[in-house]
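The same chain A turns up in both complexes below, where it pairs with chain B and then with chain C.
Let's look at the complex of A and B:
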């Protein structure tokens, strides 16, 4: 399959809050690379503070990365409007990302007005067709967002992303705020859209059990670095990175959670990220870390069908 | 069910909310028992009345909410009959609660240490130095290694998981006999969630307290609970022990919830099963079974009369609110010649 969206060695830093003393730069993304193929769902998993959302913001050009480049169809990003047509984003909380004072029709019309030159009747036809695609009916176009349930609101958000017929949709924790039964409906819709119109998705989530159901490939982020990436089947069934393994053990019902009590005193992800250190980013929480992990940062290696950044990867398999 | 040796016995609790458009029933004849050392999970979608149940037990229902009927017996004493002044002696000491969003429930303008000490000072009448010593012990007990630094920190300086540990430390500070945890891990990362669950389980084992664990995530339940109550539209629809929940749910709603869990789905790319329709809105009047509109097994009788929460089989401890419970059906039909 051709590569549709490609990110090469993206880094991003933000100015620290402590302005009085100059404010240190906090590096949030460290040389992150990814490839999204046409018609696939690529999942990005990680804890809060791992840089998932920052990565999404770079990919839809809400922000400019400090270094590295992003290619769409092999060409670098040119204008913001072109990118906003081709790469659309869905946010976590639809109640907050939909303007409460606009009707659904207006919400869906806005991107068409901004980015296309379609006439009124063409816009109308497209809006009704897109609503139908996400499972809402035409009457609901005149409703306000508050009149919908959480799952329906997320459908509106998906419709708003779909309406420009983009090449890629980036969804940031799109199902985290939903009940399980509603979450299942939205996940089915995502899979339907991929199968019916070949939509490519970059699906950001913290829930590894969701990844297992919908994605073909997965990328595990920790402290702004890619820890492991590859086909879901290989990575989740046979993790080569201790962090991936830890994530899998944390899934409720995995059974091994009593062991986790022993490691609770370790440094949380956000703190590890801000600290100055050498070596592997995960070594503070890793049970396998030794002198080598402190001295140098593990390079990304190819192993058993996936890429992994760990010195211990071979012994993990 | 026998009510003796019960730590908490809630009988037929109903809560209404009075609005301009009339009175809406939030929960309807909720009955539940919690024994010492037992964890009871309450599971349901948003709006099913899980949190209202816990607030009613704590006596925290405020206007426009009204407790219509019911009794809350805690150690043989009716909590609802007490004045708020009398009730306050028990709350925070014998019955404590952990809320969903730890960063919001802690006071941002005081240090964590001060907030834990406050509880000790109020309920156990400890002196300042004693408070400090005990607070540090508590922080250590909930797995915070650098307890002195944490003691001096403000909530914003700590991560979500650490704040939830602080909340747990406050909740167990007076050795409560009942802990109500309302979605304690929903706002946390999966790795932190697993740790928090393990911590709660360990503390419960050590202190022998009863626990009510409220969650919308059915997949957490086997990790922590002994018994589970499934709520739908303000009613308990199923009450069963954890061992049988995953093998043979009785209520169609429980079955549908289980099927929609991604974790219980092995095949990649295959569609998840969903529950069609939406739960009834607040104030909507429903005749018959509350679930009949979304139930794939519904028959005529379900639309006309409302089922009661009864034992599915004569010698089965499981309770279900359904005319045609699932596993019971298959058993009886299998038993027929």
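Let's look at the complex of A and C:
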């Protein structure tokens, strides 16, 4: 399958909180690379503070990465409007991402007005057709977002992403704020839409069980670095990275032990990012870490159908 | 696909309608609103209501007391002043000055304040610092003193007094707008709006302003009473409207020597100011309660 969206060695730093003597730079993304193929759903997993949302912000061009480049269809990002038309984003909490002062119709019309040259009747037709696609009826176009339930609101947010017929949709924890039953509906909708329309979907989540259901490939992020990436089947059934294994063990029903293993917070992820250290980012928490892991950062290697950044990967399998 | 009715026709409460229902439940605020409406109506129809022209003198009835006192004269319901001018007519025409100036001043400070505050909130960095420090300096000087200084520079006239009061009220709007813009600008719905291609002034007017209008409306209502007070104070000090303009503050000042012999010449303009300021403050408080998102739902 052709590669649709490609990120090459993306790095991003933020100015730390302004303390008395000026904040220090906090590097949130370290040379992150990913490839999104046409028509696939790629899941990005990782705990809070691993840089998932930051990565999403770079990919939809809400922010500019410090270094590295992002290619769409093999071409670098040029005009912001073109990118906003082709790469759409869905936010975590639909209650916060829908303007409370706008009717659904106005919310859906906004991208059409700003980014396309469609006439009024074309816009109207498209808005009603998109509402239909996400399972909302025409009358609901007049309502304000607060009149909907959480699941319906996320449908509106999906409609807003869908309406420009984009090539890529980036969803940042799109089902995390929803009830489990509603989650299932939205996940089904996502898979139906992908099958019907065939856009690629970058699905950011912290929920491994969701990844199993929805995605073809998965990318595991820790402290702003890619730990492991590959087909969901290989990576989740047979993790080659100690961190992936830990993540799996912390999911109810996914690990092989009868007790859940909490991801050990010896050093909080946010602090681990700010710290100066050498070697592997995960070595502070890793049970397998030795001198080699302290000395140098493990390179990304190909192993058993996936890419993994760990010196111990072979012994993990 | 499309219905015969347009989106606006479907019977759904707009946010403003909801706020109006909330405000309507507040009896005191509605009382303030009604009093203000009556004042505005009487100011607009002053020529029809007033029995005399505001500057018409009746030499045979100087300092005639109002109707409830002994020795009142027919035709002068609220008495006359030292030059034999009908108090009621002067107050009615004076309402035109006070209310119109109040609106004009609030409008000027609101528009410029929102523009400057939004610039500070959206640009941040050095622009923000410069704007904020300037506003801090303006806030550090007592309002009336600052107004006096500005009038002293510009010269004493009603127009200059209005300009001075607009400048005095400006920092409040700037600070409120900046704070509101900063608290909203990184929220998801604003980011989503940017991803929908809305940016620059469009982002401010279409996305931000509708969501931060509540504190601005409250501040505008409260500033309205401040503007009327400040204009009256400048008039009283002889720096605003000049006699024989029947502006309320000027009425107070020209008749203050008669406070013992003819108290109505001083009390009535004072009362007019008091009622107007009280009414708009009551409305402002009611609006604050109705629009405050923390009391929402």
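Simple rule for what comes next: the second predicted complex is superposed on the first by the 300 of 317 C-alpha atoms of A that agree within 3 Å, B and C clash if a C-alpha of one lies under 4 Å from a C-alpha of the other, contacts with A are read in each partner's own complex, and residues count from 1 in each chain.
Following the convention adopted for this analysis, a residue touches a chain if its C-beta (ideal position, glycine included) is under 8 Å from a C-beta of that chain, and two chains touch if they have at least 3 such contacts.
What you are looking at is a predicted structure, and each value in this text was computed from that prediction instead of being measured.
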Fit or clash between chain C and chain B when superposed on chain A: fit
Contacts of A:187 with chain B and chain C, given as first, second, both or neither: first
Which superposed partner A:147 touches (first chain B, second chain C, both, neither): second
Contacts of A:2 with chain B and chain C, given as first, second, both or neither: neither
First, second, both or neither for A:179, with chain B first and chain C second: first
First, second, both or neither for A:299, with chain B first and chain C second: neither
Angle at chain A between chain B and chain C, C-alpha centres, nearest 10 degrees: 80
Touched partner set for A:74, first chain B, second chain C, both or neither: neither
Which of chain B and chain C A:117 touches, first, second, both or neither: neither
Overlay on shared chain A, then closest C-alpha pair between chain B and chain C (Å): 11
On chain A, positions contacted by chain B and by chain C: none
Chain B contact footprint on chain A (complex, rising order): 47-48, 149-150, 179-185, 187-188, 191-192, 206-210, 212-214, 216, 232-233, 246-247, 249-254, 257-258, 260-261, 263-265, 268-271
Residues on chain B engaged by chain A in the complex (per definition of touch): 45-46, 143-145, 159-162, 189-195, 197-199, 201-202, 216-220, 222-223, 256-257, 260-263, 265, 268-275, 278
Chain A to chain C touching residues, read off their complex: 60, 62, 81, 84, 88-89, 91-93, 96-103, 105-106, 110-111, 114-115, 121, 124-125, 128-129, 138-139, 141-144, 147, 157, 160
Chain A-touching residues of chain C, taken from the complex the two chains share: 1-3, 7-10, 12, 14-15, 187-189, 191-198, 202, 206-207, 210-211
